[in-house]
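First chain A sits with chain B, and in the next complex the same chain sits with chain C.
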Partner chain A sequence: MHTVLTRGNAILAYTLSVLACLTFCCFVSTVFLDYRTNVKINAVKTLVKNVPNYGNNKELNDLGFITFDLQTDLSGLFNWNVKQLFLYLTAEYKTESNELNQVVLWDKIILRGENAILDFKNMNTKYYFWDDGNGLRGHKNVTLTLSWNIIPNAGLLPTLFGIGEHSFKFPDQYTMQPV
Partner chain B sequence: MFNIQTHMDFEGQNRAEKISRAIITFFGFAGLIWGAIIQQFSQTIYILAAGFVLALLITIPPYPLYRRKPLNWQKSKNQNSEGGESSKKNKQK
Partner chain C sequence: MSLLKSLGAESLFGDVSRMDKRQFFYQVLSFGMIVSSALMIWKGLMVVTGSESPIVVVLSGSMEPAFHRGDLLFLTNYPDEPVRVGEIVVFKVEGRDIPIVHRVIKLHEKSDGSVKFLTKGDNNSVDDRGLYAPGQLWLTKKDIVGRARGFLPYVGMITILMNEYPNFKFAILGILAIYVLLHRE
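Right, the complex of A and B next:
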């Protein structure tokens, strides 16, 4: 503390220590919160086609087409340790070749301050619903769930499932005309 | 260079450190509470930064507050330390 530089150094170092301590307090204040909430999902249109998957092996694979309704209020999830939410809609189903298939069909980023009350009707998916074989036609139990990943200022990056899911079935016939 | 005196006496250094820590701790605590109330962690950081600047302004310059108890040095003996004295005189000019 005997020169200008040592005093400046001591003050800067102490400020950074306090900042780390405050950040930890912010983390502790939100680590035990429950970030789950209710979600209503509904599949509106469900079609399945049998087309060559040029992105993979050029074989004829099942490609599902669905549109969905989504209704949820995520505004209660935001607090001073949540910068943004990454939402994604997953289809889960079981086939003979795989015990569990998970396909992400749609996603969305919601920044804090943006509208977090979602009410979508008849939304198209963002990503292709490819099966890695021919497991989708006539499938009786495909489950849609909404999950989200919380991006905080400090702390954990939890992935949570919304409460509420929707199961639907694909038609028994392939759709031949273009969609 | 410009021969600006920046030293503090020992008591002053102790006092400067205590004051700077008190300021930064107080602003950090106040910022945490305010940030928790309005749920904006950025406000906590801004308030802490304000405390940092205030601590710099209050405790870095050697105000007379920090120079109240100078040490009483023994007077130098002329015959032994001529060289040292002359250099000191040069500095003070």
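Right, the complex of A and C next:
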């Protein structure tokens, strides 16, 4: 009765169930870990301009310019079920027109094995800091946070906030000179 | 004939010839059972997750190195869970059949709870405004199919193979159906 087909079928089924079981163990072994850690953020230069946003509605919108310092050690977050960290720096603030604004200013992908100790000084942002209107000039409380999304080999995709945030003000005057 | 013998086909068809009517009906019913329970699981997942498509296969490399072609994503879409920046959402755009899996990078929420947001693929250098419908600048909640919650690599490769080689799909489905119908428990 042991034909090629039944033997092949048995091998394939056994291989697949062992793989599935190992993958599940890998997921369970890391699902309860705490992936939070400390972050130091500081906004260095803060400017705001009022220029037409051609990518959006072509109206005059507030455009913020900031540079930032960032210090953190994320090497403790990696384990056998963390394939990649997706870091992103978010500016969060409230304006008259919007209860909540969140703008990602900078992001970075760190794969397992790459350097995860970050120490940036006076970094430029990667994306434009466009407001949805004219709410940035003289804004008293813009909060910068660093968050990360954990990409596992197999499992959940948690998003976590770094412990430690930084709030800054925008100047009361628009900057007229080119930046 | 010896090839058939070695593949066990003779015993397979032997099973059928030894079946009576009652047994044959039983086989057909158990085949129907498999199909309907698969459908029930899928529809049940839709109810539990709130998403119209609870499991999706990644079809493009725009989220590499996080997701590659053929990886599987598990989605939920609970209406009272707010959308936030950094989340991976699966959304549909008017005029495109295939939903897109990208990350939210900009979000504005009004006090009445209406929210508009912009997405970008991790591996793309520009945001998604070029992918949206002409004239569309933002996505809203109704465009979302689901938000990615779980990840399983490679498993979706089968679906990709099936979609790219329809003959392969019919062959697999045909063999499975014949096997279930003809093979005696």
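Methods note: the second predicted complex is superposed on the first by the 178 of 179 C-alpha atoms of A that agree within 3 Å, B and C clash if a C-alpha of one lies under 4 Å from a C-alpha of the other, contacts with A are read in each partner's own complex, and residues count from 1 in each chain.
Methods note: a residue touches a chain if its C-beta (ideal position, glycine included) is under 8 Å from a C-beta of that chain, and two chains touch if they have at least 3 such contacts.
Keep in mind that this is a model prediction, so the values were computed, not measured.
Trainee: Consider chain A as the common anchor and indicate whether chain B and chain C clash or fit when overlaid.
Mentor: Overlaying the two structures gives chain B and chain C room side by side.
Trainee: Could you say whether A:Val4 touches chain B, chain C, both of them, or neither, answering first, second, both or neither?
Mentor: both
Trainee: So, does A:Ile109 touch the first partner chain B, the second partner chain C, both, or neither?
Mentor: Touch partner of A:Ile109: chain C, not chain B.
Trainee: Of the partners chain B and chain C, which touch A:Asp69 in the superposed model: first, second, both, neither?
Mentor: In the superposition, A:Asp69 contacts neither chain B nor chain C.
Trainee: Tell me which partner A:Leu22 touches in the superposition: chain B (first), chain C (second), both or neither.
Mentor: In the superposed model, A:Leu22 contacts chain B only, not chain C.
Trainee: For A:Asn153, select first, second, both or neither according to whether it touches chain B, chain C, the two together, or no partner.
Mentor: Touch status of A:Asn153: both partners.
Trainee: Check whether chain B or chain C contacts more residues of chain A in the superposed model.
Mentor: C
Trainee: If you stack the two complexes on chain A, which partner ends up touching A:Gln84: first (chain B), second (chain C), both, or neither?
Mentor: A:Gln84 contacts chain C only, not chain B.
Trainee: Between chain B (first) and chain C (second), which, if any, makes contact with A:Tyr14: first, second, both or neither?
Mentor: first
Trainee: Between the C-alpha centres of chain B and chain C, what angle is found at the C-alpha centre of chain A, to the nearest 10 degrees?
Mentor: If I round to tens, I get 40 degrees.
Trainee: Is A:Asn56 contacted by the first partner chain B, the second partner chain C, both or neither?
Mentor: second
Trainee: Considering the aligned complexes, could you tell me the closest Cα pair distance between chain B and chain C in angstrom?
Mentor: Nearest C-alpha pair, chain B versus chain C: 7 Å apart.
Trainee: Could you give the residue numbers on chain A that contact chain B in one complex and chain C in the other?
Mentor: Correct list for chain A: 1, 3-4, 23, 153.
Trainee: Which of the residues in chain A come into contact with chain C in the complex?
Mentor: Per the touch definition, chain A meets chain C at residues 1, 3-6, 23, 55-57, 83-84, 86, 88, 90, 97-104, 107, 109, 111, 127, 130, 132, 147, 149, 151-157, 159.
Trainee: Which stretch or stretches of chain A touch chain B in the complex?
Mentor: On the chain A side, the touching residues are 1-4, 7-8, 10-12, 14-15, 18-19, 21-23, 25-26, 29, 79-81, 153.
Trainee: Using the touch definition from the top, list the residues of chain C that touch chain A in their complex.
Mentor: On the chain C side, the touching residues are 6-8, 11, 65-67, 84-88, 103, 105-111, 122, 129, 137, 148-153.
Trainee: If you look only at chain B, which of its residues touch chain A in the complex?
Mentor: That would be residues 6-8, 13-14, 16-17, 20-21, 24-25, 28, 31-32, 35-36, 39-41, 44-45, 48, 51-52, 55-56, 59-60 of chain B.
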